[in-house]
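Below, chain A partners chain B and then partners chain C, in two separate complexes.
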Partner chain A sequence: MITLSKVGDEMKKIRTDIINLNKKVDLPMEVESFKGLFANSHDCVFTEVMINKELTVHLVFVDGLANCTNVMDFILKPLTTLEKFTNIKDEKKLIDVIKGGSLYYISVKETNDVNLAVELLLMGTAVLILKEAKIAFLFETRGFESRSIQVPTEETSLKGSKDAFVETLRTNTAMLRRKMRTPDLVIEELIVGKVSKTKVSVSYIDGIANDQLVKSLRERLKKIETDQVLFTTVIEEEIIDSQYTPFPQVEYTEKPDKFCSALLEGRIGIIIDGIPFTMIIPTSIVNFFQTTDDYSHNYIVVSIIRGIRYLLAAVALIVPAFYVAITSFHLEMIPEGLALSVISTEKGVPFPIFIECILLSIAFQTLIEAGARIWSSIGGMVSLVGALIVGEAAITANFISPGVVVVVAAAAIANYTIPNKDFAFAIWIWEIILILLSSVIGLYGMVIGIILLIHHWAQMEVMGEPYLAPFAATDGRNSKDAIIRSLFVFKKKESLDEQSKINE
Partner chain B sequence: MRRTLIITLILFTLYISAGLETMIGGRKSITDAFYVTTVGLDKAKDKIKLTIVTQSLGPEEETEYTKKQDKYFVTEGKTIFEANRFFTTFMDNKIFWGHVDYILISESLVKNGLDTYLDFFMRDHETRLIAELFIVKEYSAEESIKLVIDSGEDITNTLHVLKEDVGKLSVSGCVPVYEAFSTITDENCGSNVPLLQIIEDEKEETDSTDAKEASVAEDNPKSKRLVLDGYALLDPESSELVGFLTGNDARGFNFAINKIKSGVIVVEDPEGEDVTLEIIKSKTKIIPKFNGDKLEVTFKTKLSTNIAEIDGSTNLFTDENIELLIKQQNEMVKKEVKNAIDFALKHNIDIFPISKVVERKFPVKWDKIKDDWRKIFTEITFNVEVDSQIDRTYSIKEPVLSREDG
Partner chain C sequence: MEKGKGKISIRQVMFLFVVTVYTPSVRFVAGYSAGKAKQAAWLTPLVTLIPFLVLIYVLNALLQKYKGLSFMDIIYDVTSRFWGKIILLLYLVWLTVLLALYVRFYAERLVTSIYPNVNMNLFTISMLLIVAIIIRAGIVAIARMNEIIFLIELFVILSLFLLMIPTIKTDYLTPISSMDIVPVMKGSIGNTGLIYITYLFFFSDRFSRTKEFIRYSLYAGIFLWLVSTIIIITSVGTLGHSIVGRSPLSFLIAVKNISLLGVLSGFESILVASWILTDFILIIVFTYSIMNITKSLLNLRDFKPFINIFFVILYLLTWILGVNVFELQAFSADFAIQMNLLMQVIVPILIFFIAKIRKKV
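And now, the complex of A and B:
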């Protein structure tokens, strides 16, 4: 038993122990314990409540996390004004009265565990400490400012719902409940992060999601050893199987409808408190070519658009490497007229074509990065400077030939049509790799690069699911919705079939 | 993994910055290539004269829009390969043969056989086997190339247009290198190569007394044009040039070998006025038949034409008149085919080739006779049957000059 009477080195050591080792420290349930732990925290409010001349209790809460009005109206005011309390002479009687429901609060807990009290205090709970009885009552007074539900910023939708996840976990789970009013929707919660103690929610539909998958994910999340979960990758890097790949293995969404749709497909969703983007696993390559709007438009139109997306991804990946190969090794493949045009545009350019392609490709990516990072007040400058440098000055100064600009720009525009930006960026990295390979041995190099890429995809798995599913390593059950968007009538049947298979 | 990444990064940096990319073999930058589009082969004493044509963009300052210009270079060598290597002595660009579209060979060179000169084009990995072969009559290949280029035209484009339009009259054809090679290597059938001729336009006779006009006419020599007309026929064994089929005789040959796309047949109406018929469809079957050891070959041509122009005023759309036109066109086609057969018999060359049909239809018999084919060929009895009809007459049935009431 450690008794704390003042703030000192010993207290600091205990605090560090709690943080670093997540060790439960045996502290007495008295206000000094809390004062020691939150000695330098000015937002932690310690209030001494004199119920009458003979009885004093302490109320502790964190300003900003707890709703002060509720604390005053439903705890402080009754304690000091209600006759039931003012006549009480000892703590034993006070405990009985509180337990009897005189402080009409829905969620009241009694505890003598300081660790639990501290944990809940940091979530907005008000702690009423009774010194002699060495117990505390915990009142669910959570109430902090949060962002209201707004329109999605990254995933725009023409016909779909316009709500987006926010930073508050409970608001997000409520959105899920509103969309799927079924008890089969399971929302489990874990605390991850030794310091941040972030709530991480695992959502799935019981009966549709694979139990083994849920169990595996739960175990992986429990094993996470980290100080904080302020960013999604902290979780992502722990749950994915292939670390050495630029390709995303987790699908992110800020749209509850997309999230729910994924749950109905038997996938598992992860919501992190404080992050408005949710994660969906397992994922395969087809998920990165689909958008929620795909299910809001005519299936024929969407199927064609999906096909075009795959085609454009191939264009983004291959076209610059193909251009380098045919202009450096396979001249016979270029029609005479085009060859003459290429020769005329290449006149005076000091670099080999493959270096031009790499430089320009990096320049385009630089523009994107600059556009994303630049202060909004001068954001317009990026496009202006970019257009001037890439479009005009580089060509006029004979740094880059117009033919290369056309090819790399076509690849860049094709790349932007990939709905998932992480996947698009990974494709860009492979575009550079293919350019380098084709600059060494032409089309053979390009083909070797493509084979390596397919091999790389083929060996990837996300939570045991093949990355190339349903194109490879599956029974092809979901292939109907891979490129061609199937009608909902068929999807419903598939879903029921799947469920019955799981039940069997 | 980290070490691999670092090593990759270092190698990449070296590759980019240290000029290592120049060490890669096989790379030929497009900017260093000299695209040969047309090739000319001529005889120069005991050597071969090689003319290569390339296209390049003209100086931008000359016109607002860049214009393609043909340039030609000439070297001589004991072989085509040697002549080709001599280009490196004065040209700074690498000659690239991957875009050769046309190969012109002069008559004088083919007189000694074509097979020797095709070897280079078959063997070289850059040359496309779909390049078209032409034999230039009387003139040299260099002269024909110069003629076109000096007149400000584009030789490759000119040949391209001639090739595209060859079916309009069907008096010549197209023979790519691979096809010529396959016929040359067959000892029983003669090869045919399209014939390019340079023709001189007739000088217009003028009765103008204007001295200035007269002097201008005298200063300007007769203008020459390149035309694609007829075939040069080569000997099956030596691939030497044996003769030419031109004009309607060449069309007769095309009728026989089923290469008619279109064409014009001019016949006469009952009043002797011209009626022009346009060939729409033609199909010829070569039917060999053995009567004992005697081979009889029938050319069965089915022809369909359309009335394209009526110069007279007679209403032709009666059964009698249509029959008259059909009869005339049958006779004309029959005559043309017979002329081609006569040419083949005269030179004892199976140009059609009938040997292939006999081989397909009578494979056992062919094994016995193939060694004596040239002898047998001269003894073949040829029949020509033409079954023609006039299919389309457009909606105007009456001639424009018709005096009868419609």
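And now, the complex of A and C:
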């Protein structure tokens, strides 16, 4: 036991133990223990509540995390004004009265464990300490300021629902429950992060999601050793299989309808407290080409649009490299008129075509990055300056030929049509690789690059699911919704469990 | 998804089969068939379906009896270990020669089509290097890659066929009469020699869902019949049988004739690019089969340490096979096709009969 007099260095050490090593400390349930732990924290409120002349208790809560009005109205006020409390002479009687429900609060917990009390205190709980009895009552008084549900900012929807996830975990899980009123919707919670102690929720539909997959994810999450979960990649990098790839392996969404739809497909969702973006796994290449709006429009229109998306992704990937290959190595392959036009536009430009392509491609990404980071008040300037520099001045100064501008711009615009920006960025990286390869040996180099890219995808798996599914490795299952969106009436919801039964 | 780790489904096997057959078909079938069957060359793939069905029946019987075993194990069980080793040695030698032929053809085709005056070593060595790297990922990754390459190939061949329709002259494909029966039969030997399904059985221990073998084989057979017919119709229909029978890359020449709306041309670049993809699949699949035979013959645990040595031998062999493309073509038409018929059709049928006599199937 640590005596109360040794608050100074001893307490610092204990605090360090709690934070760094997640070690359980053995402290008595007294207000001094809390005062020691939160010695320098001005947001931690210690209130001495004098119930009557003979009985005093201590109330501890964190200002900002706990709802002060609730603390006052439902804990402090009854304790100091209700006769059934003011007449109490000893703590034993007080405990009985509280246990009897006189402090009518939804969630009241009794404990003598300081570790538990501290943990809950930091989540917004008010701790009522009874010194003689060495116990505390924990009142669920959580009530911090949070952002209200708003329209999604990154995933616009024309006909779909307009609500988006927020930073508060419980609000997010409530949104899920509102959309899927079934007891089969399981929302498990884990605490991840030694310091941040962030709540991470794992959601799935029992009976549809693959049990093995859920178990595997749960184990991976439990194994995470990190101080904080303030960013999604902390979780993502621990649960994915292929680390050395620019391609995303986790699908992010801020839309509850998309999240629920994924759960119904047998996938698993992860919600992190404090982050308004949720994660969905497992994913495959096809998920990065679909949007929730695909299910809000006519299936024929959507099928055509989806087909165009794939085609444009191929354009973004291949066209600049193809242009470099053809103009640098195989001019004889293009019609004479076109060949002459290409040659004439290259006159006076000091760089080889592949350098032009790479420079311009990087310039486009620079514009995107600048547009994303710049203050909104001057955001419009980026496109203006970009268009002037890239479009006009560079050509006039003979830095870049108009042909290259057309090709790279077409590829860049095609790239923007990929709904998932992480995937689009990975495609851009491979676009550069293909340009480099085709600059070495033309068409052959480009095809070698494509082989390497397909091999890269073929090797990738997310939680055991092939990245190329359903185009490869699924024997055609689930391909109904890959490019051509089938009618809902014909769409059979085939769970992963059913699939595994078929596999058997 | 593939059943179990390291296994590929029969559907994936059939995709591998289709792509490995497509590659030499484009190069060889139109010329060989047109040389033998003239304007009736486009009927030769239909005749090939007969030996194909017989082979499928035989292979299915063996596959169902010897579930989870490779063709090497089947040969050992049916013929005894000693004779099995001899048969496998023959397969090893022949498959290595065939692979060397295809590696050389692949390089020759690039040089003659879009890379004149470029040293062939560049293409040979770089391809072998890439195959040496990727083969280590195993048959599962290769099969997945092939499924994507198959889709690309399908898109390319159908697009080109649609674009070539205006250039096809029916006069080059008719008349057809009973006089063409014998030439068509002779012409079909070329197609039959390319039924490479037996060579895929050297990793049949990696097959899953073997019960679906007949169904998917029939799909593959019909698909190949259609593709071969399209290739022959477009080549012979555009250029005529006399030119096709004499030119080494008749399909490429036919594609060169495409002109969309009289403005866009140069579609052969797309064809050549797609050929590199299918050549890669052919080379890697044959290498995988050879590696499996080697592993079985030498009782190795893993073939990976042997890959680099094998590729050095293979590289040297590509130069020994022939001085130029004409020698390679002569070797292909006069020897390789007959050897293929023996090794991939007759030997499996013989093994099946021996197994029948010994009441193993």
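We adopt the following convention: the second predicted complex is superposed on the first by the 487 of 504 C-alpha atoms of A that agree within 3 Å, B and C clash if a C-alpha of one lies under 4 Å from a C-alpha of the other, contacts with A are read in each partner's own complex, and residues count from 1 in each chain.
Just so it is clear, a contact is a pair of C-beta atoms (placed from the backbone, for glycine too) under 8 Å apart; a residue touches a chain by one contact, two chains touch by 3 or more.
Not measured: the values here are computed from a predicted model.
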Superposed on chain A, are chain B and chain C clashing or fitting side by side? fit
Between chain B (first) and chain C (second), which, if any, makes contact with A:441: first, second, both or neither? both
First, second, both or neither for A:343, with chain B first and chain C second: first
Tell me which partner touches more residues of chain A in the superposed arrangement, chain B or chain C. C
Which partner does A:334 reach: the first (chain B), the second (chain C), both, or neither? both
For A:191, select first, second, both or neither according to whether it touches chain B, chain C, the two together, or no partner. neither
Applying the touch criterion given at the start, work out whether A:450 contacts chain B, chain C, both or neither, answering first, second, both or neither. second
Name the contact category of A:468: first (chain B only), second (chain C only), both, or neither. second
Check whether A:180 is in contact with chain B, with chain C, with both or with neither, and answer first, second, both or neither. neither
After lining up the shared chain so the two structures overlap, which partner does A:352 touch, if you call chain B first and chain C second: first, second, both or neither? first
What is the minimum C-alpha distance, in Å, between chain B and chain C after the two complexes are superposed on chain A? 5
Both chain B and chain C touch chain A; at which residues? 334, 441-442
Contact set on chain C toward chain A in their complex: 1-3, 9, 11-12, 110, 114-115, 122-123, 126, 130, 134, 137, 140-145, 147-149, 151, 209, 263-266, 268-269, 272-273, 276-277, 280
Chain A partner, complex, touching residues on chain B are 1, 12, 15-16, 21, 24, 26-31, 33, 35, 37, 55-57, 66, 68, 96, 98-99, 101, 126, 128, 156
List of chain A residues in touch with chain B within their complex: 244, 327-329, 331-332, 334, 336, 339-340, 342-344, 346-347, 352-355, 358, 436, 439-442
Applying the document's contact rule, which stretches of chain A touch chain C when the two form their complex? 326, 330, 333-335, 441-444, 446-448, 450-452, 454-455, 457-459, 465-466, 468-469, 471-476, 499, 503-504
